[in-house]
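Letters A, B, C and D name the chains as they come in the text, with residue numbers starting at 1 for each one.
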Amino acid sequence: MLTQKLINDGNHAVDEMLRGVLAAHPKHLTLASPRAIVAKHGPRPGKVALVIGGGSGHEPTFLGFVGKGLADAAAVGNVFASPPPQPIVDAAMAVHGGAGVLFMYGNYAGDVMNFDMATELLEMEDIEARTVLTTDDIASSPDRSKRRGVAGNVFIFKVAGAAADLMLPLDEVARIAAHANARTYTMGVALSACSLPQTRRLNFDLPAGEMEIGMGIHGEPGIRRGPLKPANDVADEIIDAILAEMAAPKGANVAVLVNSLGSTPLMELYILYARVAERLAAADLTVHTALVGPYCTSMEMAGASITIMHLDEELAQLLDHPCDCAMFRVG
Amino acid sequence: MDFTTQDLTDLFANLAGRMAAERDALCALDGLIGDADHGIAMEQGMQAAAAAVPNLATLQDQFNAAAKAFLNAVGASSGPLYATAFMRAAKTAGPRAAMPGAETPDLITAMAEGIAHRGKAEPGQKTMIDAWHPASEAAKSGATWPEILRAAQSGADATAQMQASLGRAARLGERSLGHKDPGAVSACMIIEEFAKVLS
Amino acid sequence: MLTQKLINDGNHAVDEMLRGVLAAHPKHLTLASPRAIVAKHGPRPGKVALVIGGGSGHEPTFLGFVGKGLADAAAVGNVFASPPPQPIVDAAMAVHGGAGVLFMYGNYAGDVMNFDMATELLEMEDIEARTVLTTDDIASSPDRSKRRGVAGNVFIFKVAGAAADLMLPLDEVARIAAHANARTYTMGVALSACSLPQTRRLNFDLPAGEMEIGMGIHGEPGIRRGPLKPANDVADEIIDAILAEMAAPKGANVAVLVNSLGSTPLMELYILYARVAERLAAADLTVHTALVGPYCTSMEMAGASITIMHLDEELAQLLDHPCDCAMFRVG
Amino acid sequence: MDFTTQDLTDLFANLAGRMAAERDALCALDGLIGDADHGIAMEQGMQAAAAAVPNLATLQDQFNAAAKAFLNAVGASSGPLYATAFMRAAKTAGPRAAMPGAETPDLITAMAEGIAHRGKAEPGQKTMIDAWHPASEAAKSGATWPEILRAAQSGADATAQMQASLGRAARLGERSLGHKDPGAVSACMIIEEFAKVLS
């Protein structure tokens, strides 16, 4: 039984999607090479170039966050697969402004190997590229450096993009990006599997009535299986885990993202958000920014994640800095 | 018997066919502990490699072309790992139109070293290294192709009992136990195709 | 087998969602009464009040389109059920500025009865309320006046909201709204059912490998069942039907919306958009505005709709007029 | 025997219980030609009505309270239709704490007229009117409650053979054939509960 998708040939899904993205957003986006998406406005001499990327299937992550004030370019991989070095290099070469390149992407073995190869290739062109990995998925390891990067990307990239847009030097942009990552915490649950366009087979079994806690955004198994709980219980489990790690003082500001993994609709996200808001208020935390919607998806997977970024003055200002991307705007 | 550029062209065609046939099985394996795409990566990579190797003058050119084609078609984890493997194989094969059959086990050693260099994996971490490393050790000790293959296979089988500490499955902890590593399984298929052509 | 939802009690899903919406968007939205959502900015003396509404489960339609430059208020019904007259009256009373109220909503028997009762109640308060129904679903009847209102709402409401924001009188706003509706054409396909939070049972059977062509946004059956086709064939069938009706001259401007019914992800929408763009270019039509995403959903239903609005100078200007809603922004 | 405010309180309690029991069946019927929520609307509406009617002085007050409660809980199509039905019943019952049992069939006629007034449906359009109209005709002609119920039921049964021309199902054309109208089916359940209390 094949899953139901509106595609043509699964092998061409990513390229056809890119054709659609370029056609729909000609004011925002252009191509450096077939898998290197570049912002029309934003890249400029003297500015650190922020290049993000990763596998497809997480839209609007990554390509939707390319634009003035956020990322200068994105390298686009196959579904759930890191892009190879070439489009990463193409992206970096197209947008670098002589002030260095910052690569940002989720911490996955494949992405690390491909971006590192790209970094070596750029060195041969005398272009300095640094890397800040995102590692916000608190369910994926007790050790932050081993964690996966998931929906927290939105906030972390946003902050780094703002720092670059303000013409800060590479050291500073990298410091801020790492700082933003260190203060960002995400955890999610999956209520259904998704399927790759090439195989159209569910990528794991999840019996009705169960959920996977700590699910990765590629369908990687999480911490454990458990019975599907009411939304408030799910929100509580996630918020408990995040608050315990974050250890923010009373009165601190936070940014919140309640994110759909794909097919979980806004109604459910806002039900979750209602509980999250209650819990944050009870913990004396102030919500500076709230995003609710599909920001980092796993195609048609059902489920949701909650991200909290523990703000300080610097992060709050950078979050508020305007950006204008095809699929995300601030200010 | 010599191993020629024509043999290598045939071998890559076989690898492409084999991976196409095993695609869904490898994806299902990857679905248990990873992201269910390993079969797709291997199919696309080997297909691109197979298309890149015909009509090149030397084995070295062929392996280098395969490396580039595989990498650009795939990315992912498999892309850099097999691209590096093929580049090392290219060096070992050298700028020759053929190499003596007796030297071909060195290709396995070279590939294993490339994968280890790129991925920094140690045996026991539940990755493709757990197939490539024992195969390479066997090759170094002068084993026959059937012995090399058996070494790879028992290495791959053993991954079912390992807890992953590298790659996507590393976050699973104990839940990775009981399932073979898909990269180790596809590694055996590759080595099996080498063995078929070379033994 | 119950469907997998992140909710608490299905009977409270709508109210809990509203709690989350208000909590997440305090700068944009407030309440007139529990089911009457009101824009914080926008309503003002002398301005025609645009009040929209309908059943829940279509988010971001309707409440996401409340804000300065678009709707002044929305009355919120139960899932897939028109709101009763009271919240409609509450919404209208909260935002009317002495220049009359324009009700806009999709053409469904239930909505018509409830909004008409609200109109009668407002008459008793000496508040003039007029109605423009949206009827953009070309698959739902050969007779435009009998058609359902679906995703085209976004464009139609947008244009009417802009006209009201420009302080045009009620007659003009109503004329423009009707004009916008008359030039808007939508058709969709469903690839899966959805389920109500109270029952958590699929609201219809759709075997794998099939699709429902012309599906309504409440799971109402469409024109026919057929085998699931490639995305390009689906786009072609819809575009053929729309172009035939629209009969736009070469060189005309259009606005396009490729909309997800819920669980169909951006990847598939952009694959559809790629084909739509190709077809429109071949027909010598120029895309003035392109929206791609979940704008008018049926909770977690899989599928997509395509909307084309045939623009003229007036409609294009009104579409470009700024608006700032919690879930939709222009300008 | 008189029909008292206590009887009406009991009747609405029965209606609420009945609709709760039939909720999923009515939703399933509505799923075939509509939007699968009719059972929810009827359950919520009757529950709200049942909560609103106790401790009111007259049948008129009770029916009016039921109308308002049903409408505000439900909206949808059923809300205005049954709210208007109950308001007409209120007028017929009048400001009395009881009405003669023999007059109660007039309530059916009043409700049918309210529904027809609000929805503008004609018999044959595959709506609840196809149950309410024959029931009302029977009531007008002095039929007994069992006869009124049978008239409603054969009207509802006949909707399976009708092509809808009003309401959500109207867009279905021929595809609405073969399925009973959910509103007509729930109408029979309502009339059955009236008949149980009143005959």
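Methods note: contacts are C-beta pairs under 8 Å (C-beta built on N, C-alpha and C of every residue); 3 or more make two chains touch, one makes a residue touch a chain.
Remember, predicted model here, so these are calculated numbers, not experimental data.
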Labels of chains that are neighbours to chain A and to chain B: none
Chain centre separation in whole Å, for chain D relative to chain C (CA means): 31
Computed distance of Cα centres, chain D from chain A, in Å: 53
Rounded Å distance, chain B centre to chain D centre (Cα mean): 71
Of all residues in chain D, the ones touching two or more other chains: none
Chain A residues counted as touching two or more neighbouring chains: 79
Graph class of chain-chain contacts, one of line, ring, star, complete, other: line
Every chain pair meeting the contact rule: A-B, A-C, C-D
Complex interface listing, chain C residues touching chain D: 11, 55, 77-86, 108-110, 113-114, 117, 140-141, 146-148, 196, 198-199, 201, 203-204, 216, 218-221
Contact footprint of chain A on chain B as seen in their complex: 23-24, 27-28, 31-37, 39-41, 44, 71-81, 118-119, 166-172, 175
Residue ranges of chain A touching chain C (in the complex, touch as defined): 1-9, 13-14, 16-21, 23-25, 56-57, 59-60, 64, 79, 189, 191-192, 197, 208-209, 211, 228, 230-232, 234, 262-275, 277, 290, 292-294, 297, 299-300, 302-304, 327, 329
